[in-house]
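Consider the two complexes below, in which chain A is the common component and chain B and chain C are the respective partners.
Take a look at the complex of A and B:
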């Protein structure tokens, strides 16, 4: 049944299958068509085209003969110091944002799961970053970090241009990354916490387990699938981050916050190396898939 | 007493989450003179709405807001029109396409946008759609579609099949039963999907940045970013005001779906 639907029956020609199925198949495809066309044209097509471009010397200009160059872009990438610098920044950014955001969100979710007063305030606040356009989040934090009119220097009694400082810019945007991503992670973890059966805690209580032991032996193992899922998603989102950091620093100062996607964007749209930038994207996709695969595989082996 | 550390921690979270928001609001309500003070103030001494008026006075910002509105309206309406029939097919007929659609949502998350946006830019350029709003609408529709489909088919699934069968028994044709039985029950789902698509398009920055390079056709997020020039602190007030106004559509959206959030994901988190 499922298999028959994947292939379109030629219209008007009753095949070997019964009439009903082929009519249903035809109807399915007819109903799907308006949605399929744009997705194929502007999303699946370009993705395949982009993978192809990675093996060419394509320039992002109208007048350029494109030819196949094999793995030339890849060898260029391996020898490109600027790429490796950007890769390192991307690794620091995505790992620290994912880990810190997870720890912060876990703490908040545990608090929100307790019967505390005023937790409604925190609950609403935890959803607000979700409701804000990424560009506005970036601009808001620029106001906070502003060397003259910003509040942070005043609070800390410092006189620092946070986003223009070579060693402080990356930590500064990592804080913004954590602030931005906390809502999703908190909401998902909270939902996970509420799914832990109450009986387990009661049993733990009877066995005389303290709150720390209960957290370590009941909550964490029960939460594990949720934790694996949300940290994987967060990692992917973080390593592919572009807009927020573009608004905050445009990759500056001196490339200190140039995440891989900002690097690729510059290569493609400022220097117009479309082929090279595509290879960078492809290489990053492979790295992400490898990291994700390793992580999920290890998690699955440990749970068994 | 055991609760004290917990309340301290909760307060710390509230401060961390709230202080940038408070600062944005505070900046939006300040006069340029107060902004230039060496010692920044949390609460404006002479709060003013002049920044909001100034933001409306900026030709660029108003034009960009109108263009964003047009793009978001067109994208959301087209997205829903295109995904309605498909979602019906997904929900009513068992099909591989079902899993393919969900799989595509996941795959499109893993692949970096650069891999799609370079060829997309080239395709749009060949179609003469670069620097045009229809070009951006096409892209927004494409990238909202998978999730909108998935949302809508959930709503279709919730409409009992028996209702359609009853209509058929009463002699209604297939189309007739869809229009007069399924469609009215689907309205809340359609509204939610419309809002979701609208917000996605209204907030979108990355594709707009690549596709709209001419300042005359830029949408609101792009113009807001351009607005922060090196001109110093004088324009920070209007910028903050405009940023707040750009957030209004999302806030409306979240206020509307709040009840659903409560009954769904956040169930229990709100009680007590």
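Take a look at the complex of A and C:
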């Protein structure tokens, strides 16, 4: 049996760089190729294609010839009242769901971190919504909100059409959004809580700090990296939400729950303006990256 | 050397994978010379009886035509247009496509559907009245008019009434020959409103087609075309029905406000409980009442109210052929069989809709008084092509402008003047996009 041993270049010396790409580098790339090709073909390729489409007047038709239109779609987007209305709804939705979801999940995680009876069962029950597909969750909540047969009206003794009311539809879907995303936030926060060194609490206790003080001065600062990570991810997931809201309201009533992704979907699939829909997607991606970048930068600066 | 070979192999595999999904347009398999032609038929039948009727007809065809075998593919009204947009773009659309006339307009002008004008067999053409053919005649995208589907089932608006409450109100019971006027309808609804019971329920989750079709009773068309340019108009004719429904909700208080945001079938449980007496709906809803109503619940089908005319906008269910189908002639033969008079009667009964075929409409089962078939079939004579069917961009106007505005107006959040202004101004901006 023979074995090939590749010796790493000593530190500080670039090894075979002077002779071009090293054998090790070549082999590394070759081994990565089976994983890279699908990523390039099915992820990066379509992404670049989509970005390209955003600068054309592409339509999903057989008769239309696509041409390059430069920034025309972007200019249209800036003056599109429907888009801004949808953007505002998306901002309210994603910020509300992310913040409220975090607060509820933090409360639940703190509770589940205590030595409770049946803690194991409670932890399992808390993650049940995570196991459910968004479509099933949407259908289930549609039944809860049903004006005649819904359990909510039964409990409250009201006669409200929650998902069709202009003022209540958005709050109603925000509640569903919170319920849907809470388990994963809870699990992540719970994991973070379990990583907080016990000695810190003991020291705090000895210094006479009450539970609120211990929470504020020990738990929260210790959790900060976890909080930053999960709220950032939640924000991205929430602003990109589609399936849940599509099943619940399809953007109605009167566009009151038309999130940006629903708006883009309608442009692409209902009206078949593929170029404009791509520009919507691109613009949303840039906005999300900008907001996220700013948030992360601030949080990291405070952490330091 | 080995690396180069591996890269070449990877490139070949990649190309092969990329090419694998393409070709074979029309979704039907291309067949070897001695093999039968295979067609895919996308059906949107959803009611139990209708699915059974569809499958039975396909089976009969397959038995009688061993050289043209049809595969029944079950689709859904909920997502058929998304599915078709994707399939058309990918060249994998089914050969025979079940849809409705509002959706055909867009697909026809986008060049995805085959123009059947020159291919239709005379027997099929003559068995369906011109008014129905008008619902599937569209611009094919190059300025020419063509027939892009075969219309086979139509829906009219009727009123499904709780018989006990109707009798108790002691109002004149309308007949197909002498329907209620809108005034009589409003009066009847007012009389039936008492003791916590409302006279009528208007489920308006999707209000646009219903309002536009009913507005024709006062000649309201909502669109006008001049000099090749289509614009939205909301004059007195278009406001009439809107105002009357609004009055029932907020002036007479004879309409159940809880039903307003519901889909057509959603208020049925409340209807069975006697929460309201009259439910204006499409004729197909009778099927659900027959299947779901509690024992002893008595109901009748009444004709829709009339204004200056009894006209209603007609929308047809259709069968079309994909432009990319490899076997369009065989597909048309199948459609001609599928939609012959006897089969249309079966399909109409299965879906509780009105057949376009004259032969099918003459079937005794279509004119019986049982379950309101006589009233439903009689209403077919008032169907005219809905003007909005011909409007390029109607779909976007409906979703972005008309649905929100009508919902806001019916929810009493804006006045009829504000509604009219937005329907016209915002609507024209949308239509502009399609007329460049």
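One rule holds in what follows: the second predicted complex is superposed on the first by the 262 of 304 C-alpha atoms of A that agree within 3 Å, B and C clash if a C-alpha of one lies under 4 Å from a C-alpha of the other, contacts with A are read in each partner's own complex, and residues count from 1 in each chain.
Just so it is clear, contacts are C-beta pairs under 8 Å (C-beta built on N, C-alpha and C of every residue); 3 or more make two chains touch, one makes a residue touch a chain.
Only a predicted model underlies this, so the values are computations on that prediction, with no experimental measurement involved.
Novice: Going by the contact rule set out at the top, does A:282 touch chain B (first), chain C (second), both, or neither?
Specialist: The answer is first: A:282 touches chain B but not chain C.
Novice: So in the superposed three-chain picture, is A:149 touching just chain B, just chain C, both, or none of them (first/second/both/neither)?
Specialist: both
Novice: Should A:121 be classified as contacting the first partner (chain B), the second (chain C), both, or neither?
Specialist: The answer is first: A:121 touches chain B but not chain C.
Novice: By the touch definition at the top of the document, which applies to A:55: first (chain B), second (chain C), both, or neither?
Specialist: After superposing on A, A:55 lies clear of both chain B and chain C.
Novice: In the superposed arrangement, does A:255 touch chain B (first), chain C (second), both or neither?
Specialist: So A:255 only meets chain C here.
Novice: Regarding the shared-chain residue A:269, is it in contact with chain B (first), chain C (second), both, or neither?
Specialist: Both partners, chain B and chain C.
Novice: Looking at the overlay, what does A:42 touch: chain B (first), chain C (second), both, or neither?
Specialist: Touch status of A:42: first partner only.
Novice: What's your read, chain B or chain C touching more residues of chain A?
Specialist: When the residues of chain A touched by each partner are counted, B comes out ahead.
Novice: So which positions on chain A get touched by both chain B and chain C?
Specialist: 30, 41, 60, 62, 146, 148-149, 269
Novice: Quick check on the complex: what are the chain B residues that touch chain A?
Specialist: Going through chain B, the ones touching chain A are 3, 6-7, 9-10, 13-14, 16-21, 23-24, 27, 35-36, 39-40, 42, 81-83, 85-86, 88-90, 93-97, 104, 108-123, 125, 138-139, 141-143, 145-146, 149, 202-203, 205-206, 209-210, 221, 224-225, 228, 233, 236, 239-240, 243-244, 246-247, 250-251, 253-254, 261, 265-270, 272.
Novice: In their complex, what parts of chain C are in touch with chain A?
Specialist: 3, 6, 10, 14, 17-18, 81-82, 85-86, 88-89, 106, 109-112, 141-142, 205, 258, 260-262, 266-267, 269-270, 323, 393, 395-396, 399-400, 403-405, 407-408, 411, 413
Novice: Taking the touch rule as given, give the residues of chain A at its contact with chain C in the complex, in rising order.
Specialist: For chain A paired with chain C, touching residues are 26, 30, 33, 37, 41, 59-64, 82, 146-149, 159, 161, 163-166, 252-255, 266, 269-272.
Novice: Within the complex, which stretch of chain A touches chain B?
Specialist: Chain A residues touching chain B: 1-3, 5-6, 24, 27-28, 30-32, 34-36, 38-39, 41-47, 49-51, 53-54, 60, 62, 104, 107-108, 111-116, 118-123, 125-136, 138-144, 146, 148-151, 154, 179, 182, 187-188, 190-191, 194, 233, 236-237, 240, 242-243, 246-247, 260-261, 264-265, 268-269, 274, 277-278, 280-282, 284-285, 288-289, 292.
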